[in-house]
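This structure is in structure tokens; I'll ask about it shortly.
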Amino acid sequence: MRIVVTNCNTTREMTEEIVRGARTAAGAGTTVTGLTPAWGPESAEGWLDSYLSAAAVMDLLRTYRGPAYDAVVLAGFGEHGREGVRELVDVPVVDITEAAAHLACLLGRRYGVVTTLERSRGQIEDSLETAGVARNCAAVVGTGLGVLDLGDAARTEAAFLAAAEQARAAGAEVLVLGCAGMTGLERTVGEKLGLPVVDGVGAAVKLAESLVELGLTTSRAGSYARPVAKRRTWGGGASEGMGRPGGAGE
Amino acid sequence: MRIVVTNCNTTREMTEEIVRGARTAAGAGTTVTGLTPAWGPESAEGWLDSYLSAAAVMDLLRTYRGPAYDAVVLAGFGEHGREGVRELVDVPVVDITEAAAHLACLLGRRYGVVTTLERSRGQIEDSLETAGVARNCAAVVGTGLGVLDLGDAARTEAAFLAAAEQARAAGAEVLVLGCAGMTGLERTVGEKLGLPVVDGVGAAVKLAESLVELGLTTSRAGSYARPVAKRRTWGGGASEGMGRPGGAGE
Amino acid sequence: MRIVVTNCNTTREMTEEIVRGARTAAGAGTTVTGLTPAWGPESAEGWLDSYLSAAAVMDLLRTYRGPAYDAVVLAGFGEHGREGVRELVDVPVVDITEAAAHLACLLGRRYGVVTTLERSRGQIEDSLETAGVARNCAAVVGTGLGVLDLGDAARTEAAFLAAAEQARAAGAEVLVLGCAGMTGLERTVGEKLGLPVVDGVGAAVKLAESLVELGLTTSRAGSYARPVAKRRTWGGGASEGMGRPGGAGE
Amino acid sequence: MRIVVTNCNTTREMTEEIVRGARTAAGAGTTVTGLTPAWGPESAEGWLDSYLSAAAVMDLLRTYRGPAYDAVVLAGFGEHGREGVRELVDVPVVDITEAAAHLACLLGRRYGVVTTLERSRGQIEDSLETAGVARNCAAVVGTGLGVLDLGDAARTEAAFLAAAEQARAAGAEVLVLGCAGMTGLERTVGEKLGLPVVDGVGAAVKLAESLVELGLTTSRAGSYARPVAKRRTWGGGASEGMGRPGGAGE
Amino acid sequence: MRIVVTNCNTTREMTEEIVRGARTAAGAGTTVTGLTPAWGPESAEGWLDSYLSAAAVMDLLRTYRGPAYDAVVLAGFGEHGREGVRELVDVPVVDITEAAAHLACLLGRRYGVVTTLERSRGQIEDSLETAGVARNCAAVVGTGLGVLDLGDAARTEAAFLAAAEQARAAGAEVLVLGCAGMTGLERTVGEKLGLPVVDGVGAAVKLAESLVELGLTTSRAGSYARPVAKRRTWGGGASEGMGRPGGAGE
Amino acid sequence: MRIVVTNCNTTREMTEEIVRGARTAAGAGTTVTGLTPAWGPESAEGWLDSYLSAAAVMDLLRTYRGPAYDAVVLAGFGEHGREGVRELVDVPVVDITEAAAHLACLLGRRYGVVTTLERSRGQIEDSLETAGVARNCAAVVGTGLGVLDLGDAARTEAAFLAAAEQARAAGAEVLVLGCAGMTGLERTVGEKLGLPVVDGVGAAVKLAESLVELGLTTSRAGSYARPVAKRRTWGGGASEGMGRPGGAGE
């Protein structure tokens, strides 16, 4: 089977890293194809980035012309868009946020999420809530590191371990890596913490494979019916430099 | 004061209608400026449209070069994006979904929402939940009419009244118009139902004025900090015809 | 329009202070009339005071013979009675507790309340819950100061700032002044904290104006139907000295 | 031991009926003293009546000069005031609303409440919620009968049975009599329905006896600390005829 | 009346201690019969013990051939089985977990549970949740002592007081003894803490007496219908030494 | 890998049927070993059966002496025991109730469960709640058929379709087979309903494989620590005929 894994940002290096993680998790018969949005933010940190990313990922899949695929994995932790992609494609769609939480619920009575910036907490909490798996989440804790700062492995690990202790004190018995860019970290920190650590990318790949193998796909009854046929324009194409965006209201 | 009201779709007639509703509600000293996204869906019905719309509305405000404004009203009922716009601009941002619910809570112990297509129910429920005002929502009921079908006033009113009875049976003591395109309907149906009917556009205009007059604006501490400076591209610019979108997975 | 603002206690100085706050918030065309209950507690601190106050405020409005008014603002933070007043009068009724929370929800993802005595926490939590706006309340924190101790501005400000830090640590991104007697404090502490601070009196005045301008008033369907005609006696008229009340059970 | 049972209205016949029910439930060594408020509504139906009643009941206990008592039972189903009475007296206080729910939870997985007028539903739901026992309440259903209409036994029984079927359909496995004036009905309708039916008056008497026998009374730490010493006036003493109350806003 | 009190483990000394506590609480006309399971764990600490205990207690009551009884008290704090026993017998069944919580709700706005090992927290939280009384539980705190370590009174008291402070800081105004083996401790620690402390055994005895005296018993409609007639075998009879159990998966 | 699938009752035919379903779902490298409890109920219908079954399944795994296994699937829909088994074995444990719900959440916004007898509803609701996946469950509906009545395929299908319509009316967009004995039905009814139908056995096998392949197993920190070493006896070994069990209280 072929699983398409979409990065939520335009940074190709991150797509490659995610694909490496996905391949490690994938079964023998699974081909993983990584896709990078043609537009959007270079990293998704906050609500503005998240909504921009959601549209870009939908456009990416809408205009995809490669080999047919059997499932989609959305590799943006806490990012928006999964319901829109469920409307768009006929194959199962698994978001790494919900995927990690689903598996974490099977491993302990309460789980915690360790993410990048504190500001992402709200999005993650809302994403878990609407996915229906927030009940057993004890805490979402930030490390203070930005998505593009995760390259320094030692610093990332130290920050993760410190945040993990906060989650543990709040009752977490299992941890979730709260960023696609943390993929791989689960092994090193899991041992040090003595706790299971779930990576959303791997979790989503396994859940996508599971759904495909069981012959299950998104319900078209109700919420995720196919998009209504209509005129849509997908973005203005304007690029934004390195400055901060700001409306004229400011 | 100047309030910018953004339509969530590219249909200018609807922007005009919304602006008419907004002006009816606005105070003497308030100027209402309607904005139509340069891209996005011609109407927002479902999650895909909603996320596309969220990005388009953020782009609209990001690239806005008109006179300075004091507040933003987001006129897409149940549509995404409000948190992103809160990050983007320094002035208060009020979404018509939450606005209608806030006022409805003051008028009865439980309120109900009457919207267009049944498929929008999920988005509206999630939007009210994360806005913190879902607790007293008794029901979200669809009329079965699409956004662009609301032109036929008699049919719309009949469908609204039928759906309203369902909401009432579920405990609603106040009703909310669940689509920006229904603005104006509150008067006719309110009398027939003997219930207060809240229009989100009017509600949002009053809440925006209230915040401005009280000198209050979005907190920058935590969730709605300013967007991080980085590279972002706002859309590919590709247009979609009248067909149904669909990924290669299908 | 005329808005009647009712103090929840018999202390006229506090009514005057509240009226000053209300007038600051009120629009150009709004007349604010302050009313002080003829009976009840000299300050409301705790459940006994709150229920006594609720009856006194209802009696105050029931026997009011002044010029007609367009809305009622109930200026007792966390105090009971709003549903009863909604039954009693035909105009919109806004309680400062709910009002502050409604506006706070528009300004950040989570808000906190800073109030007087710790013992008021329960009433405030229950009041926010039944008003339907507790979901995004991160914490209600007491300053340890009684209602009639708020006169010492420096001490009040210091106590407020300390309590505000607790609320912030619990996730609050916006603060609410948890006592009508704190009106005015929002400006000084807001700047020091770098957070929006919402005063319930101002918030309620704006919401009351909003409802009046939109032509909306309390639903008579269900919960807030007019009181049934019957015999009622409004109090025995007995005064209580400065002692502690106590039943014979003690 | 002596248990004081307070009626929530000024109708002595109802106090007597409640006392009869309380005595049937009371243990051999328990003396039941019924008290009727000197002021307040002749029956409590709606929020205005409920808050007026709360103050009147507190005044009744505050000015009580009879023999010492060991516990208080508040016999107003869904009425306010229990927290204020807990502050006021040093002995255990049990409200019939919560009492019935506590016992009902022990008898089935979900319970339902059958009350008088539909308009009481909100108060009862809120009362159960803040008492901490709403979770297993499947439904609160009105019979359409007013408190003072319960005298016609056949009509009351028929209305109760009809409402009970609605509660059952909503999942109730146990029923609660939702009005102190229904005391005694539990036996006749219980048999016909094949369900346990809990009367709040009897339940509250047993819970009050239980607390007294276990040497337990209200915590003074936090919410229910003794009232602060201060000036309070208990009502203006004005009587209201048979008309509908209404503020000048109307 | 006769109340059967079942210990949840096979340690007879603990049954005796529980019976002593039950008799202290029981009314003059109540006979308390203590029963010890013929099989099961020697103490219940954790989920495995709890489910084993549930089956053993059901078997104990199923095979009981002593004098008829009027109610059952299940004396295992946080242990499973109450719903099964409700199906099995026709008399009222009260579990000490829920019993303590029901009474605690009447004594303060929030209660806390102090239990033995931290690992029991989850079971207790789930038990309170499904019993419908978790809403006002502020915290469940462990003392770090095992069930069979409670014999050292001084150590137990010290550990209890330390844990109680944690519960208090979390908002508890009333405490609950979180283990049947703590019965008797409520008096000594209650005084030191200045808080009411509820023992589940005493609470359950009073609630059982209350239900019997009111003529109430478990509903057979729905959840707790009588067990379906069928073949069942009650255990293999194998004993386990002092080692740790472990499946072949290890 | 080897997955042990435990039936919750003593009926070997049902174990075989479950194993067939499990093998259909299992991956190429997975060996499925079915285990039937040596004792317990012949079918699990109700709480008494469920707790008896929980102990029997734990005993089954405790005394298992076959080849080592990599994961456990507990094939009793809505039955108790999963937390105890998690304490007992070192490999991942997946219960079919939670498994079906986890996958169903990925396929639609709300799911519904169609089960056997109405009386099982409560157990299933509680099981989903504590597993952390109840939030998006729209309804649990009974077919009125007992576990051992499922053999008549036509009747089962008809009853399932009728119950499914109820779940759909309550908002379910995805269905879950609410009994291990229904395995296989998902294909036939799914097509007729036009909805995805999830079988818990297949879902649990895929989730167990996923956890094993990701190298994840139950957390030992907190709730699911290994059982404490102590004396335990596993049942009295007494058999119960075909009669109804009943305590001497009756």
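Labels for the chains are A, B, C, D, E and F, by order of writing; each one numbers its residues from 1.
Simple rule for what comes next: a residue touches a chain if its C-beta (ideal position, glycine included) is under 8 Å from a C-beta of that chain, and two chains touch if they have at least 3 such contacts.
Note that the coordinates shown come from a computational prediction; the quantities given were computed from them, not determined experimentally.
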- Decide which interface, A-F or A-B, involves more C-beta pairs in contact, and give its chain pair. A-B
- Task: Pick out the pair in B-C, A-F or C-D whose interface repeats that of E-F, meaning over half of the contact pairs match by residue number.
- Result: C-D
- Could you please state the distance in Å, as a whole number, between where the Cα atoms of chain B are centred and where those of chain E are centred? 52
- Note on the structure: Rounded to the nearest Å, the gap separating the Cα centres of chain D and chain E is 30
- Item | Residues of chain D whose C-beta touches two or more other chains | 83, 109, 122, 129, 222-224
- Residues of chain B touching chain C in their complex? 25, 27, 83, 92-94, 98, 102-103, 105-110, 129, 131-136, 168, 171, 173-174, 194-196, 198-199, 202-203, 206-207, 209-211, 213-214, 216-224
- Spell out the part of chain C that touches chain D in their complex, as residue ranges. 4, 10, 38-43, 45-52, 54-56, 58-59, 61-72, 80-81, 83-91, 118-119, 121-123, 126, 129-130, 146, 222-250
